[in-house]
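Chain IDs A, B, C and D follow the sequence of writing; residue 1 opens each chain.
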């Protein structure tokens, strides 16, 4: 009996070794980058190491993107609703944070509360149209709602609050998480948030609610026949997604010196779509991996190719579509399944 | 006996579903052959596999001495196969006349066949300018058959012609099909055993995606056990 | 017989009618279904049987007429409500979640009415009662070995069983079965029919059945309604239907006598 | 009549509301302002319609949401500009382009070739890539050795902006003749042809289904032969062709530009459909990603060739005359002097922008309508929208019809691009904004409904232009003294809002059918 917990522990470690290894690597990342530059961990702690700080910055951007992509995967990949207005979820979070901190002068927790309330309100707004429209019409209506928000943000009337087409500038984050002076702390907070949200999502997908969401994606008519009022489940998914995207926006507004109106544009929704298509639609890991690949690709191309980077990235997406249609995680799953089958066959062959 | 169509052990899939698992159908030239079997047994899929709409993954389809499996479906159809699908598939945005005209494979075919078609189905003549949707079920069925007659087809695949029709109309339809069989070979899928037994000379029973029994219709009519077993009482 | 006649009516339609643009699919159908009976609807293809079922289950809204369940008008209830009243319905064309496992399919059906659907903070494996119910149902329909396979990879016959399991899972009082044996091999049919009969008798359920196989219908039903072109052609016990000349000519074509 | 009223209640009410809004709006406006705004709305509507109708034809028949449609619209404009302003470049480009395309014109031959090749599985996988690689290598060796008379996007003095300006002044630069350097011309031409054939063969190997049988006849070689002849002809007569084109009047050149842009769009459409979209019919979501990727690539290509700055395209002389009688008082005057503007109810109307474009819009509307209703192709398209399988069962090659429709749709977008260029100017963003307009128009009118596309486009155009106008003069809100002036951001927002409202009332749009 005493053996039990121990073996359970080791089983846990075995099944999750990839995740645990990744986690460890992420915790050590700032220090490793520092060491590679010949700078001691103390320097990294003091936020003095240039390259490590840069790597942390890139990682933070990836974490924020990953949160955003997760939120999109929840409604598109898991629940099967194609929304073209998803950037609004992120944009509301980012702009509201900026306005609340800068113009209203609220504290950080109050801002976060405000952002969450707004997130719920907009999920309900999107939810209002749900019973009326489906499929491509839903995509168009959400595109419309998103565009209106983008236009409002860009309008000169809102200029004093949103900075119109220049973007929202001069948001001063509280000193204790200042992205300039306390980046390491910011890095770990962002990492923690991402892990927590990821675990929450994993649980959600595995919960009774999440299961029904998947059922809705697979065959909504049948789900209704089973007695589920699918509207409430879609609304639940939308709300959770909206909260997450708003949280990502909140972090974005604190981390970035400027909230550009691009984050509220159709293009940013497309970014989310691309990320989960690269990673694998409907797989939560796919959203994380997709965010890493997308951001690094974008960064690398811009750095080494410059202006015409989007030409290359466009080509990469086209190649992805044609040759890796299920995304990295989806393709990996089928391939590893085939490999496993092959092994089993081999083993059978030799008794 | 000369077979216009010889389907040899075909296997077809719809998505992941292995629908046909070995169907053999031989159709003697000039005959009416009925495919019998329960709902979902694979009769419609057999017709679609012959036409290449659900291309078989295994097996052969030999039409007029030529292997046609793997050919593109419009090429197969152009070799002289007319298709009357289940639920008729009348084009609703086209008028009755356009529904007929679209079946032309060479210019002027419709004009040439017009008289013959309207002799067969006098109803269609006065409906000619109406859109396909405004027809009743029986009229739609007539139009669907008429559409398969516009081009020079040697083989007609007719799926469930009596479905949902009143007995009087079924009788009319049966007469038309009998008339057609003088010039062309017909493969018929039919649920209504009475209709099938009166029309067809030969039959093939399909069960769970396999052809399980074939022969002459006269023999089947006396084989109550087989009727009971494969078709239910009706 | 006498006792059955006076038994409680559980489901009733009054002048039910459904019109699709030109076509009247269901025309003035009034039937009464007694509690705990096995009531069969037969008729040729296109007679309106499936449409009639769709009206009962709320998939379609009737053009006119009423559906009454246990004395309550449920005509305009949306489809996701009917199961809450206790009416489960299967489909002629297998309607399952093809990319989920058999277990998952049935668990979704089991948990639907349990009221724990929004506990998103707990893993679904936490809810043991649904898992137990799921295993029970899987065992009842005989899919235990296949529980973890994807529904799409099941052979057709097993998919029909899965479909049956999905309506059984929430334990409804009335089962509407639309051609449960469609496309099954003839060897498997008696097995499934026995299963349905067992469920009906032991679980005290009311079963409405659309079926093509006349002999099956004749041997198991308590009452039969014959539909033809959307209308009720005849109603009665199997013996009465078998003797009905009109039914013979319109449906059976007068070619065969029925072995009852 | 009665049943028609009942069936379309919602539609009629909506239309009545919109009409009422316009009438109410016109109250506070001078007559000439109203007419000009109306014409402007129709003009914007016409261009929108050209994009929307092509998009909707493609979506209706092929079920493909072509998100690159706006980019293709833009490419049409840029190609047209090149033909119009730099005919010498256009002539120089014809030879290599025709040769590159010639390989794709043989696409019906490749499957036959493929069945003749018996290879191991691994070789079969490598072969297409190897062929494409070799083809790219040959191209990259030969093409840089063919000097094309070009502009320099980096230098202002030689940029498209300057060339446009010069062309507007009537100055054209002397033509240069392109000849191969470092490589003999016959070898280069044969090399290009060879590279094109193996490249196209390699690409076609990706989507050949097994077991297919094909008949070959001379028709499969027509396109190839034509392209080959064009390439040789242009190469030999390069100089005289260039001189002839530069010597042409701007009206003729504009006409050629319109034709070339439309045809290039159509050709590009056919190429995209048959190589990229075809493998993805069974994976709709990936079509979205593919067309998005193509859109990004397209914009970058345009930026690389024509640069980022916006520039204008001069109008042809036919619409650009000036004399002491201009603006023309009536059409007879205009015909005599080709004034760029004309007086209508005392308002100055630009002939090209506000009269010519709406007329073209109506002409295209009617011709496509006739094509759909009166021709066999139209019949097949209408039937195919409903039931592809049945059309195929009638012996009709639906795939070819798909390619034609895609090509037609993109051709219409490109036509819209070149027609819009003289009035809108050319910019990298022109496609995106117009595409959004078109999408809104379609959502309003009904996604796959052809008259709906027209109705939606006109509504979108009118609403935008009227709101812009009110932005200048202000709206007197009834019963108050407040004058409300809509600001520019409200223009796009208003159409988007209209779309959302209409979709919530009628999920299938105004004229869309219920499913």
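Criterion: a residue touches a chain if its C-beta (ideal position, glycine included) is under 8 Å from a C-beta of that chain, and two chains touch if they have at least 3 such contacts.
Predicted model, so just to flag it, every value in this text is computed and none were measured.
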If you tally the C-beta contacts, which comes out ahead, A-D or B-D?
A-D
Mean of the CA atoms for each chain, then the mean for all of them together: which chain is nearest?
D
In whole angstrom, how far does the Cα centroid of chain C sit from the Cα centroid of chain D?
54
Just curious, how far off is chain D from chain A if you go by their C-alpha centres, in Å?
36
Need the CA-centroid distance for the pair chain A / chain C, whole Å please.
44
When you check chain D against every other chain, which residues touch at least two of them?
none
Residues of chain C whose C-beta touches two or more other chains:
98
Among the residues of chain B, pick out those that touch two or more other chains and give their numbers.
none
Should the pattern of chain-chain touching be classed as line, ring, star, complete or other?
ring
Which chains touch which?
A-C, A-D, B-C, B-D
In the complex, chain A touches chain C at residues 203-204, 206-212, 214-215, 218-219, 221-230, 232-233, 236, 240
Parts of chain C lying in touch with chain A, wherever the complex brings them together:
57, 59, 78-81, 83-84, 89, 95-100, 104, 107-109, 111-113, 116-125, 127, 130, 166, 170
Within the complex, which stretch of chain C touches chain B?
21-23, 44-47, 92-93, 98, 152-153, 156-157, 179, 181-186, 212-216, 218, 229, 250-256, 258-259
So in the complex, the part of chain A that touches chain D is made up of which residues?
129, 132-134, 136-137, 140-141, 143-145, 147-148, 151-152, 154-157, 266, 270, 273-274, 277, 281, 307-308, 310-311, 313-318, 320-322, 325
Please name which positions on chain D make contact with chain B in the complex.
209-213, 215, 376, 379-380, 382-383, 385-387, 389-399
